[in-house]
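Each structure below is given as structure tokens.
Look at the two complexes coming up: chain A is in both, with chain B in one and chain C in the other.
Showing the complex of A and B:
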């Protein structure tokens, strides 16, 4: 893998320590993959067993884990772009909720067809995200503030459009009914094994990995996050890149919102609360630095799955919710500490 | 136990009866001085937070009940989940000299002083669903609401007696762990299933009232305990999530008995889910709206000098027997 910090010039490390340093840096670069392996091993050890079978490894339990993380995973993938530019997007959970409400409302109110409805919702999500990027960039406002406001606006719009009700999606032919094919988002394919929501996550993650690692845009994203002034002087369209990454989080929130509506057969202004924090945690655990300039898409995906696997093993053992929160918190701190150690070794301070 | 006992809206009838009795007694001074006057009465309702679907349902029921009394006009102020906003709205009601105040305090302690101010200004205050810190009948006029423990207990008894008379493994999906209703409903259900010694609660997980968390948690429960025969969800949305998890595990509707709580109307609510055979039952959390308007009528129009200080409105069990009929209501 070469997707972490390719834009940053490697500091001239003293030859004597070079070997050890590399091992440590590589370990941290793939910390979430290593973490995922550790959690999986822990899952195997602590899993309840039945007739000698390890429940944690049962295929349908694996399917449950990857289904449960698909919505926050889709969002985390988009969030990785934003965080690599040293930005943040707090509006994603509320935007997911708004997009699920839009999907449900349009599906049940008129015969616009499946594809136009989904495309319209995705366009709305992208426009919302892009607008936040534009405002933040044009008026030089902290993305933290702009997207915090965006969170309120999206939640408010969702409440207004839904009239504080769950918008139920009924399937069938005729006015007010959604096309039955939309319900596939809540199903599992291949002999009831692979959740469709997970397939969406895999496709989104694959496209994002390619975009980040193998396109000019991906290199621009790293450049803007690594050193904005240098990027500008080298001819990188900094403003365009910074607006684009928020359009991307808007788009992935829209995708997650459509998936949410399809999985649960309703749109709700109350759902998606706290998703932004789970997504940011997945990205940070995945080894992407909140200071920008370095990050890994594979790491984010592994981080998201790791959080899901951890919750699953605790739930299989009927451990209470408080301990689940404590465990997640401890892992986030550990991931951040490891990153900080690497930065210090690289001589970048802090 | 025979479920027909609680299938009737017993509380509604009992509450109305008690009010009639109170109104019947004569001589002593009435609760408000200018009661029984001609013309309009303004009732102010200070709602905790309109953004919750259940509270919207309360508003709807209260509005419908008030519309049946031609003398009443109802004003609803939304506290928006903020004690400061709710306090200033209460102060506005006092300034306007409304005839009666209904309030669902967002939090108990911070709203207690403004309730006292209203009572001191001579305005009767009926607390709905949530209480302030004072004592009903003394610091405010009365409390009307459901009893979370009893509602969940009825659900537990229904599982113990009707759904699983031969016993079996049962799971519970709890609400947000720090909230009072979550704790009361969890304990109530566990108390209710004690009626049948062959029932074992094998798993309980918090899903914070949310369908997505409920789906994830119940999927894991089914992995660990594939013989789970029934799941009690502490609200309707978590029951919807549990059904999706059961479906994901290859179960058909009815294979696992799913029970909800709240019994909200509408296409996304629990009553429809029971009517269509997706769940086995849901237990209404009564809004107390009609009872509150009845009490307001007793105080303002009938010049009652005494009303019951605590009215507990009973739950209605929504089962396949009555779900279709309830949908029309």
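Showing the complex of A and C:
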């Protein structure tokens, strides 16, 4: 093999250890942001026009998109924590419904004040989520099973409390009336442009982004999902983290439930159906791996808005609902395939 | 060796393979003769696995040609390779733990009669195949219940069901005891004598002259050299690392200080017994500051279990007898308690339980010290990056970038990261389980030097290893464990055979 020496002198390929993200990997990393841009461009191109105005870009339409995604977006933000730990939470939609019923019931039974009511509802949501985390952790059950049961329990509780009736919220002073300020959740601020529900989404997303990227807890979350055994051996309080992330999805479901009650002025045991799937879809499109250990909060937010924008374009063009589902499904598969390609290129399997 | 046949059994010429931006193989030639055992050596990342994956049809080459008995061949998948008589035993044995030995041997090739599994024929054939490799294994036992050594034998028997021409073995001896290695080598020679060519991949240089006929050494995706297996070890090392290697083991250290760990008739009773988990039963040993103590023993002697239990990671259970850390009784009831007492552990499975493979070097390094780099729970990027850079420098991790993804590093560099991560936690007693498993020779020397430096700085180090030369070369003392009990103690540099004898002595002779 005496040809070995001259070949060694040939221009060296980059050593195996210095692998860097190439453009493709970067593109996939921000796939949901790029997807959102593409969907927006598509929206502009395919939007119906009236008097030369692009309906898709009309301020009212834009506000509608970001308002429509705010509830599932808030939930998706919490779901991102759970999915980064390689878990899943199916109870969120039902819990939103339960929390909206609780909010409406307490508001209309009167006399507790706005802040205590909201705090109580949020505490209930957090406790419900945390309990699921505890059960799953203590008895080593798959979160899929525990939260599937949780979905039924939350839906059942909501039905019992509401008696399967819409609990309508009326505003005013006096017993049985909610403080008028609560109705602000259905309004728009800043010259009637920005929906308040969207603002709540933005604030929740900002806090979550900060928590995930700049706190010790965020690092724990990545570690638990990346390699639970390694995290445990490194002294990370794994059980605490795993319970906490479900408390977080409980909390965000509570927030979404309060927003829901405020936006629509009622609590209903039948709302929020399928929200868990939309939230999970947003997270996956956002580039978070269902295997855990990697993910991005900004990706989730972009993923949620993209799904909303896509639904909006299809609605503007009177595409029927079945085709909308097909489109969403195709996008989820596409997002997952892209991630799988990157994993293979990184040589990390699966 | 037989006389050189006119055409080699296998001839690979100018094989090229690129993964993304990485050129894994840059024109490799490889020959295999009939009846030859050909060792393929190379450090991690040199291209051995890529080359063998091409031979076994797992991946397709970008260029070059492959001829088997003179016929140009290209395998699109492993089944095509198997059909051509090329069998591969991968390091992660492709056995299904839940299925019994028989079912594993015939997986995907089950003989049927009228469409129904012919169990009787399978079991008969399974016994024959195991007998052919000299293994006495119950064909009805689930593979998951077998020792690693026995699983290896099952894998060999399985591969031989279709290895009519070429058998590739990827580090078959990594987890075997000395006796099992001997048996495996015997079997390999018999197989080769039947005319099968064997490619044997290993990290253990000392095994090469014992079993192989020829050696091909790969380095950086190229052939560094081809040599007869009788070539001096120093020559092989030079080919492997591209430079002469200084002394592999560092000089033994300075004075031992205070006792860091003291175990006297110590016993760990797990609350729930686990099959195959050898609890520490009667352990007496001492580790002093500045000292490296080795833990020898055959597979199943309870080395890993002792380290795990000392680290509070063995699940619910209780220590009894004398267990003292730095002179104070320690309960070591949980990982966090053990860490609080100043104990650190580097596991034997860096990919499975040591690293966040998809995360960066920096983020892995600070995992043990997150509290220190996040005052008021907020991550301090500055502190994090300072610590990470210091650790990378101290352990010479390459590439020296905290942003590099750990999973893409070589085995040796990954091992340095695991070690550095634990050292950042500032333990006073460092437990190391197989600290150089799957690490190439060059990195081994570096890791040994780092461990010695740590001891010189006052750490007590307890190392479990199945590589006897490593224990005897590196450690100040070696304690022998058998069935969870300490049975003997030797000074570093003691005779390997004496230690092996103590470790493998049959149970009847012990009181």
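A few remarks follow.
The rule is simple: the second predicted complex is superposed on the first by the 329 of 350 C-alpha atoms of A that agree within 3 Å, B and C clash if a C-alpha of one lies under 4 Å from a C-alpha of the other, contacts with A are read in each partner's own complex, and residues count from 1 in each chain.
As a working rule, contacts are C-beta pairs under 8 Å (C-beta built on N, C-alpha and C of every residue); 3 or more make two chains touch, one makes a residue touch a chain.
Quick caveat, the model's predicted, so the values are computed rather than measured.
By the touch criterion defined above, A:229 reaches chain C but does not reach chain B.
In the overlay built on the shared chain, the residue A:336 is in contact with neither chain B nor chain C. Using the contact criterion defined above for the overlaid structures, shared-chain residue A:164 touches chain B, although it does not reach chain C. Contacts of A:177 after superposition on the shared chain: neither chain B nor chain C is touched. By the touch criterion defined above, A:294 lies against chain C but remains apart from chain B after alignment on the C-alpha atoms of chain A. Shared contact residues of chain A, touching chain B in one structure and chain C in the other, are absent. Chain B meets chain A in the complex at residues 50-53, 55-56, 177, 202-206, 208, 210-212, 215-217, 219-221, 223-224, 226, 237, 240-241, 244-245, 247-250, 266-269.
Interface of chain C with chain A (complex): residues 18-24, 26-27, 29, 45, 220-226, 311, 313, 335-336, 339, 345, 347, 352-359, 363, 366-368, 370-371, 374, 377-379, 398-399, 401, 404-405, 407-410, 413, 421, 425. Those residues of chain A lying in contact with chain B across their complex are 48, 50, 55, 58, 60-61, 63-64, 67-68, 71, 159, 163-168, 170, 186, 188, 192, 195, 260, 263-264, 266, 268-271, 273, 311-312, 315-318, 320-322.
Taken together, the chain A residues at the contact with chain C in this complex read 1, 4, 7-8, 10, 13-20, 22, 213-220, 222-223, 226-227, 229-237, 293-294, 345-348.
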